[in-house]
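Shared between the two complexes below is chain A, which pairs with chain B and chain C, respectively.
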Partner chain A sequence: MQSLKYDLIVVGAGLSGLVAAATAAEAGGRVAVVHGGLGTFVYGAGCIADLPAEGGEEQRRAVAFFEAMTEAAGSPYYGQPGDRHMLPTILGTFQPVSLVPFCLWGGRVQAGARVSVAGIAGLSSFDARFTAERLNQQAEELGLQSRYVPRIIDLPHEGSVPHSTLNIANRFDRDEPFRRLFAERLRAVQGECDQILLPACLGQQTSRIDIEDFQAQLGRPLGELPTLPPSMAGLRLNNRLLGHLRRRGVEMIGGYPLLSLDLADGICRGVVVDNPGRARTLAAKSVVLACGPQSETLLPGWSRRVDARQRPLNDQNQLLAEGIHVAGALLFPTGRRGGNGRAIVSGHAAALMAAGREKSHAA
Partner chain B sequence: MRHSDVTLDNCLKCSDCNSVCPVMTAHPAYPGPKHLGPELERFRREGLPCDSDWLEYCLGCERCDMACPNQVNVAELIIEAKGRHKKPPMRRLRDYLLARPGLLGMVLSVAPQVTDRLLALGAMKKLMSWTAGIAAERSFPAYHRESLAGHQGHRVGAERVMFYLGCSMRYNEQKLGRACFSLLTHNDIEAEVSQSACCGYPALANGDPAEARCRVRANLEELSAAVDRGLPILTACTSCGQMLKTGFTALLGDDPALAEKARKVEAAIYDLGEFLMLRAEQGRLNTRFAEIRHGALAYHSPCHQTTQGLARPWYHLLRQVPGMEIEDMNAGCCGMAGTFGFKQEKYAVSMAVGNKLFQAIEQAAPELAVSECPTCRMQMTHGTGVPSVHPAELLLEAYDGKDALAS
Partner chain C sequence: MDRTQVIIIGGGATGAGILWDLSLRGIHAVLLEKRDLANGATGRCHGLLHSGARYVVKDAEAARECLSENQIIKTIAPHCVHDVGGLFVRYPQDDPAFFAQWDEACAKVGMPTSRLNATETLELEPNLPKDVLGASTCPDAHIDVFQLTLSNLQAAVAKGGRFRPYSEVTSIEQAGGRVTGVRYKDSRTGEEGEIACEMIVNAGGGWAQQIASMAGLDVPVRCDKGSLLVLNHNLVTRVVNRCRKPGDADILVPAGPVCILGTSSYTVPGPEGLKAEPEELAHLLQLGSELVPMMAEARVLRVFSGVRPLYVPKEAGGSAGREISRGFVLLDHGERDGLLGFVSIVGGKLTTYRLMAEVTANLVAKRLGVDEPCRTATTPLRAATDPALPEKVRQLLPVQAANIAERRLGPDLAKLIGLIEADPDMAEIICECEQVSRAEIEMVMSDQALVPVKTINDVGRRSRLGFGSCQGTFCGYKAMLAGYRRGLWTAEEAADEFKRYLDERWKGQAQVPRGKQIEQLMLSHDLFGPTYHFHAEQGL
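Up next is the complex of A and B:
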């Protein structure tokens, strides 16, 4: 009988944790992700803007892994580290992004493009006129050659339910005729445009294939604008990645915070979770901590420094404990341009290091 | 449910709870856990009117709790609001009965042949739908008179546990109960069958906290005496397990005389799969499995297994059996939610929630559907026509080399 002890427990279900879990699962390990709930990951859209073009071997490997992983999950990324694709936002600004989630890709600035900004009548969290007006101002200031025109469409209400991005997304997921009607309404108002922008609401489970089908009915590239939470762009990415991990055999143990690490004699042997009834100790050969800057308390005596293998050090620069690797925002608490790129690189590296594979993989 | 003293101020209105709610996904008018939980609680604390018929539509799957990044006990707040919710008389009467599966079981299993035939009659179904609001589309589970009791698998020197049956196993699925005892016997464990009745969860789910309190109070003494004798308490029903791990402190924890006992019992509750998995990790599980020859098996993990933080112990155990081809459907909540799916006015929502799971099962075209929860199994079979079993029956097959369905 194969061992039922986990090879790796990842703490935290943000981008870094999910990449670490996928990395370990890909190598055939028994992996669990322990988390205290959905993280800030789902509030964003998963844009990656903090990776330099010349990022070195570790970055190249991590990005290649991430691209393959998101492709397999049905939510691919486009672009390269170092790229500066200008993505419009609902506030009417432009954000430079290197690696772009597929559902935002169709909205990136293309010189000379005429862009329809589609609003949905009655959807309170998005105002197409405001966004288009601001985008035009900003485009002019930045010297971007694209023009934005607001277009408002009507979508049928279900009973007296007001529109929200979540309601529209849920309906998009379950109701095929609604999708077709949605596409028809968009087609009717798009006019002579080269691109369409839409508040992110095209389902919270949708894959690349679903959105490409939808786009094909419009005959032009379509880009979503991430909204305030609940933001469908981030939720969808999260849902696709969780589905992918589960298919790869990763166990998700969510909803309860970690009480502590199972530390004794300078070795970490697992984690202690605050489960109903009693605290449960989950045993693991290694632990990757990817649970954000607030979780420093799990590592009493940590100097905030790590060694070359991302293992936490104490004030005397000695190893705090064997079997722990740190990743994500816990490792880089202050991030410029977000920390998604560093989350991916450090999460991938931490899982390889935990398995002692960082060298062999590089070869 | 979490009982850490979490203030409402932890709710940032981020709507993570709404985004994972199965009812919101299937039924757009449902206002969602954020409103029915933390928002109504604010009104309630101010003494303002805050009742809503939508409270009855909460499935109790607790996915909102699992999603909340700030440990707000959303589902517990909804349960609290359900307890104060006012219903019209006919719904109140029906829910009074559905809150008491133990009482129903006791009455209906007196003359099971009569009961089963009566409940299966088309005219009876129509009558129950009109008068009592029981979904005519549903079939009641068959009732049996056999009563499981005493010491099962007694052997000198064997390790001993207490086995908590739950209403489904006590009145309908005695065969599953015997399978569980055999599994334990194969591992040299003697099961002492608990005489405790309903765990009280159906009462909470039907907005009857007084009845739930009666149930947990009645069960506390026997179970705590068992714990004092050093026995772990096992159950094979994931909703009973969730309730037994949380309900005693939730309902009795304010009484200083009982709080200690309540905590002690909760700490001794194990899902049977969790228990066997622990033994497997310690190298103490009997793994002399015969090869299994089955068609594909479609596995569904119940919400109340996830809420116990258990992951999928049975799924991993079954995958250790040679020849077992089992696939995890990972298609969310089944929508049955215990007694919820039996209610006529909720039937459509129940089926709409389950639709994703039905589609996944139909696509997998399995020989059997597999799940730990008795009402999830009912729903899977109702929605797809595929017969369903508890994973314990399959594991026993691996020990015995016999087909679970041949009885």
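Up next is the complex of A and C:
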């Protein structure tokens, strides 16, 4: 029974997988993303810090695609490869980032700025005094000209449910009066500040328009601080990108781990998914393997090297199988530093290569 | 100068038990521990409350002691014991002659046991291999070692005993052939202090030799390293022992939400800087899979190593780790070495900690001329809980968290209820794996706590925060903020403390050989490294 045949199956729903799927969907093919669960992408905040200013043609193309894709998804990025925008973190450190998700952009260091760090009374996962105190120490050490002042606001509880960023974000999504009250309380304490920071909690579905609207009520730039997982910054970005893929017709097949690739005679013809009760084979013309650094067992005999078209090679440097392109962290097994930039570039390239389009696109 | 009757050195179960025993007899005592409670062998063992069945063949005396103490501890500290029972399972690959020896030896020491055939065994423990020959039951149990040590300390402090964690003894003072006191330094701040006393008890476990050498004495203790694996599920519901001559990886203990496999046995030079070697872990896992085949697929959360401090007098010669008696020895250095007022309690097992404390305190009381008997065998470590309290907590916390809190806090539930009623945010579950509420963290960190905390790990030893699969990645951060808000640490100290905590948690996971936990560890590295620029793993 091979009624289902995809042009491309992407394995893995991290950043490189999502970019690969969007790239393939753009060309009009039938595309599915198969994943066993969300990867680590959703746990971060989506910051991109690993792309050099002169990154070459492949990078330029991938970044242009990614910018258009995130804009269309309602969660744009600001900044350029090679930039060093300093973003404050909840732990009171500064993180240099090149491409910044829109909801964090308003919090980047601006010389001479006086910044309110807004806390929410009762929230266990964020402490504005701690963050502000540490940010001031670190800013001084790094010679950054900005000052941080903690401000605590009260938000009403929903029944006796303890505050959490998830809880507040869900109310932010659905409860317009709550949003207005939230903005009012922030306005009341912000004083003479130039910028406002607050823990990421401004909805998990919200788009740029929603957050710009909220910011307009405050009259100054607003930046979220990603919290520890589940951070609304990463969750929101993930939700917006998934919505975008669905609108582009990409099928998401999630929750069941991949058992193996359908490999025979040096050709990959699809993937085998661990459906409850039976293994299910999904057929595809090509597969992009973007399921993280721990998944090399899917490719028995792989040397961990790839050819110029990101296809896996064996120990004799021969092609392991046709029809597979590797992307994301699986390509960089030893690189543990946040590889979002590499994920985008390699995910975009893998999808173009799978469709044989990389040359024509470059021309 | 600070003055007391007795100074106890070493905050494991034995030291804590001695403090409790002396306090019950009205003897003033101070317990000095260079780190936190249960830092040595106590906190790095299986958590097995032995029935003694493990020792019946080789050492009937040790078996009898274990059996009797097993029953006493189940009575005086039921909140520390999960009375799951144990099985001695007969595997087809093991020696049938030993099975017969074991049966006979059990009968001789009066071990309550009953035989199960293969079908009955598999009904009780379906994860055992299908070809087991059968099993025998025994009264083994799981004991929460941190809770046990803490309960002894809390009970003692409530009676006037004093516990000083992070106080490392630097010298033992003596005059005219008697001990007169100790000097110590705060191992966190470096601040020094002095306490005068009439007697000193060396309950240093793996460190007993070093402590004795400060008084110019030799207490030969051999450090025998055992490594253990923490697996993230209860693969079995009872303690599973392999019925054979004691060897590696032949005991699996279900411990709350996890289970613990161990151990190995290697002689090491000292009690610190322990590390499990990759081959050692592979060996443990391979043997563990013989015990319970699905262990081959199980997730290993963490690896830890501890030392059995074995007392090896010269006569014992070159015996290897498992050949040396698990019994304990009380050394009266007044009689033995001519240094009056100094005693060492060495060897022994967690299960016999109370008896070791009793024997030690008997000698101390005699030397001090105090005519009070030991009461620890009959005095509960904790008062009974008013049944209305758990009822109330179940309305405030999720059921699972409420049940766990009831067990851990007992009568202190009243404080928990007060905190949550005053502030509903206190009902938040901070540690999801171990179901620890924010209110409990506040109680543990309170300056009213009988046994104070100085570090995030100290919070874990009192509440189990960070002991589950996230290994503190998420909840450790929240505990840091809670300590900061309480004024336990400044912002900078809090950040430094959190870095130390992460290092320690990462170290335990980095030794894990495989699977999901490595992904969890990478997530933690990634979050605090590239994502927050807060702390990078060492060596990068």
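Here is the rule we use: the second predicted complex is superposed on the first by the 357 of 363 C-alpha atoms of A that agree within 3 Å, B and C clash if a C-alpha of one lies under 4 Å from a C-alpha of the other, contacts with A are read in each partner's own complex, and residues count from 1 in each chain.
Note that a contact is a pair of C-beta atoms (placed from the backbone, for glycine too) under 8 Å apart; a residue touches a chain by one contact, two chains touch by 3 or more.
Small disclaimer: the values here were computed from a predicted structure and weren't measured.
Colleague: So, A:204: does it touch chain B (first), chain C (second), both, or neither?
Modeller: first
Colleague: Which holds for A:125: it touches chain B only (first), chain C only (second), both, or neither?
Modeller: Touch partner of A:125: chain C, not chain B.
Colleague: Quick check for you: in the superposed arrangement, does A:42 touch first (chain B), second (chain C), both or neither?
Modeller: Once the two structures are laid over each other on A, A:42 reaches chain B alone.
Colleague: So, does A:229 touch the first partner chain B, the second partner chain C, both, or neither?
Modeller: After superposition on chain A, A:229 lies in contact with both partners, chain B and chain C.
Colleague: From the superposed pair, tell me which chain A residues show up as contacts to chain B and also as contacts to chain C.
Modeller: 40, 43, 160-161, 229
Colleague: Which stretch or stretches of chain B touch chain A in the complex?
Modeller: 1-2, 4, 14-16, 18-20, 24-26, 28-29, 65-71, 242, 244-246, 266-267, 269, 277, 280-281, 285, 287, 306-309, 311-312, 316, 320, 328, 330, 355
Colleague: Where on chain A does chain C make contact in their complex?
Modeller: 40, 43-45, 47, 49, 89-95, 122-127, 129-130, 133-134, 137, 157, 160-164, 226, 228-229, 292-294, 336-338
Colleague: Contact residues on chain C for chain A in the complex?
Modeller: 423-428, 430, 438, 473-474, 477-478, 481-482, 484-485, 491-492, 494-495, 518-519, 522-523, 525-534, 540
Colleague: Quick one: which bits of chain A touch chain B in the complex? Just the residue numbers, please.
Modeller: Touching chain B from chain A are residues 1-2, 4-5, 32, 36-40, 42-43, 158-161, 166-167, 170-171, 173-174, 204, 229-230, 235, 243, 246-247, 251-257, 273-278, 280, 283.
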